[in-house]
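Take a look at the structures below.
Common to both upcoming complexes is chain A, partnered first by chain B, then by chain C.
Now for the complex of A and B:
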């Protein structure tokens, strides 16, 4: 490249970088800064408020995300392993469908599906499993959230894991079969350990995404009881107009996401 | 013999479970969208019809849809124009301050969006961008640029440098080589990238809710308001319209979409 061309190309990257700095970088730094300020002075007060009002919600958020990750991987690893070992095209296709269903839509679909008088209750009643007129309680509590988050994230996890598992050479699986390993033994003893990095990466990404989930809990929300952290942040910011405490809640969520930040940064610098 | 029977029973059970679990929530959207009258506890609606679908063709929902398509089109064009130079330089490892710039293009994926967007709303108020369409486009560009840069970098990398080296050896400038060789060969990747950015913008909710409020309503925000107001039929029709382009894409392009592109859709 000539010197003139190098300048022109360098200049052409400025708009993209500028947009990300203005709409992401600066806001990120501003929220960290604002979390330490109240009435123009440095203070820890915002964090004290977070501890006083929201510590249970932090634990609740961690619990829901942990439950979601456990269910997602509890289903995802066996499914992905089975799909690696045996062709089952229509199931593989179906599992991809939620990839294309946006988070908000998932939230609303799960709301009408799981609510006490929702479609699931109607289906179970029609099938004779529930007595007529019975209400189903799972949609309103943590279980409904765990199910909804799993439904949305399972698709990506299966996609990533099937990809990683397909990268494991057949000869290892044949050797395991030679020693009498069945399907599940081949998944646990060969596929998972040999794709440990991909499994760990998928796990970190899923956990972070669930911790930071907003639209799904917003659409499935109920008035009382513990809330997900992002719901607290939204109301603190939107209804109380309290940007400082909202920012402190944000910084708590950044700390929770640090695993994913590390994983992503490593993928760039590698 | 018993073994194969067991295997068959296993496949039948798991297959049914997957079918019900994946399609159950989506079917409820369809039923709700057609339910003109549905008094609980009847397991199915008493009266089905297209009333609520027809209502989408007028007034607020139609405005939200056309506004959303307009915003998504502008976002897509801007995101592609801005990300092509970054992606090409990244693919050829010529990006100035490479790792630092690329880090900026992955961090929005890693950090929780909501606190950053809330903070962006405060900044946008200062810049008179809050509640405006340019403000919403700007916030959609955050995700859009991230998707575009990563898919385009992969596309330019797949082109391979050999043809370009040949062109340069024959005396073409680097810029001419880019426009005559790299860009045409990477066009399928550019198209995939455009679809991805368009769908991201069309479905974007968190940023639009915060930055667009109270004047800019796109379809996801409209759906949210309808759902919380217990207008479940309207919300369900909107939800189906929102997911339609993605599902059509999956049906048509399943075998052409590479896994690394598909993975991006999981973040929509």
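Now for the complex of A and C:
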């Protein structure tokens, strides 16, 4: 590549780098800086407030995201594996439906479905599993949130995994099948390890998306008890106008997401 | 284990990959199935393995109908063209995979992995068991694939173009090793290849396929020397084809209905003014080119407006020559549409 070409390519990347710096790098630096400032002075007080008021929410957010990821992949890997081994076009189509449903709609639908006297409760009552008038508590707690986030993310995860699994040549699966490996063994012993990079990437994308989920937790929350961190951040900034503590909450979110990204990078560069 | 297939038909869409294959693969023999790309040889192998279900026909193994049985219930192992070694597993884990699925005790698994690696002569490579496939040469990967297949002690070994990814020198060496391994173990083996030289050199029984059918089978020497079909004659060896017939004096003369086939190694080139030897079929021609192939020189001779090949120990100079072929080496397929053996012209 000539010097002129190098300059041309360098110039071509300027708009993209500019957008990245202006829209992500600078706000990130600004919020990191702001998280250490209160009344114009350097301080750790914002983090002390985060620890005092929000440490439960940090754990709650991590727990919900981890539970959501576990459930999403616990369902997504077998589903994607089955779709790779046996083509089921209709199931594949149905699984993609949640991709086209906005987060807000998902949140509302899941709220209606899971709320104490919602659709699920009515179905269970009709089936005689719940006594008439009983209230179902799933929708109000972490389990409802995990189920809603799983429902929303499952389609993307299956889409990513099926794509990765289809990249594995049939001969690797047939070799295993010839030795007597059933469907489950072919998925776990061949497809998943041979698509490890894509599985790790899907896992990080899902985890960061769940950590940053806002509209679904907002629609499903009951207003008391632990909250997802993005809701805390919204209230701290929007309701209290406390930019500094909101920034500290943001930095905690960055750190949580960075942990997942670091684990992913370690797994792909090992 | 004797394997018999009868009336196998398999279509992919409208294309018939197998169009009524019937054949018996003898127990303990190495049968090479050879044919051009798309002739159905890999499909036949995959039907035997149980990965493809035939639309029609049956497969018997030792007299037992296995047509509807899944691959794992057939006591056979397949070595794939790309070896299909799982890249995330070590050599040991690859070879042990089938044994572990059979729930053998750990000690027996270890012993049988070592035996299998010894059979393919990989036991002499230090630390091979702990290496991953990407850390092995092509030849070593091929042997690991073989070891993985024989570790489960199959009664039928299926090899799908196992040497096609190796360079020429390694291919020749591994070919000899596969032959020796098959003789040692006595496993009934079906070896699919498009390489006629490989098939001829390795097989006890040669099966030639074309268009989804078996066109001829027999001992390699027999099939090579007495092809029953113009396709077999053309496919095996470096074969010349002339639309011609043989006159009373042995001269080759153009004929629209005639079809003469002879191999490059049977051709003798004589000076232009020489008298052709008695009992030979001959024609006047002109050497247009000559290439050095290593063991022989290959001359290209224009005869009856067709360029034919002639192999010789010494180079041929461009110019007029007399091309002579012993009459019993000329295959006359005149007035024949692929049925019956070639008529010798002598």
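Basically, the second predicted complex is superposed on the first by the 232 of 270 C-alpha atoms of A that agree within 3 Å, B and C clash if a C-alpha of one lies under 4 Å from a C-alpha of the other, contacts with A are read in each partner's own complex, and residues count from 1 in each chain.
Going forward, a residue touches a chain if its C-beta (ideal position, glycine included) is under 8 Å from a C-beta of that chain, and two chains touch if they have at least 3 such contacts.
The structure presented is a predicted model; accordingly, all values stated were derived computationally and were not measured.
The partner of chain A that touches more of its residues, comparing chain B with chain C, is B. Contacts of A:190 after superposition: chain C is touched, whereas chain B is not reached. When both complexes are overlaid on chain A, the residue A:10 reaches chain B alone and has no touch with chain C. Looking at the shared chain after the overlay, A:21 reaches chain B, while chain C stays out of its contact range. When the shared chain is aligned, chain C comes close enough to touch A:180, but chain B does not. In the superposition on chain A, A:172 makes contact with chain C only, while chain B stays out of contact range. On chain B, the positions that touch chain A within their shared complex are 11, 14-15, 18-19, 21-29, 31-32, 40-44, 81-83, 85-86, 89, 94-96, 99, 101-123, 138-139, 141-142, 145, 149, 173-175, 203, 205-206, 210, 220, 223-224, 227-228, 232, 235-236, 239, 242-243, 246-247, 249-250, 254, 259, 262-263, 265-268. Interface residues of chain C facing chain A in the complex, by the touch rule stated above, are 49-51, 70-72, 76-78, 80-82, 84, 86-88, 97-98, 101-102, 148, 152.
The touching residues of chain A, when paired with chain B in their complex, are 1-2, 5, 8-10, 12-13, 15-17, 19-28, 30-31, 34, 79, 82, 88, 91, 93-113, 117-120, 122-123, 125-126, 132-133, 151, 153, 155-156, 159-160, 163, 208-209, 211-212, 214-215, 218-219, 230, 233-234, 237-238, 243, 246-247, 249-251, 253-254, 256-257, 260-261, 263-265, 267-269.
Within the complex formed with chain C, the chain A residues making contact are 169, 171-172, 174-181, 185, 189-190, 193-194, 196.
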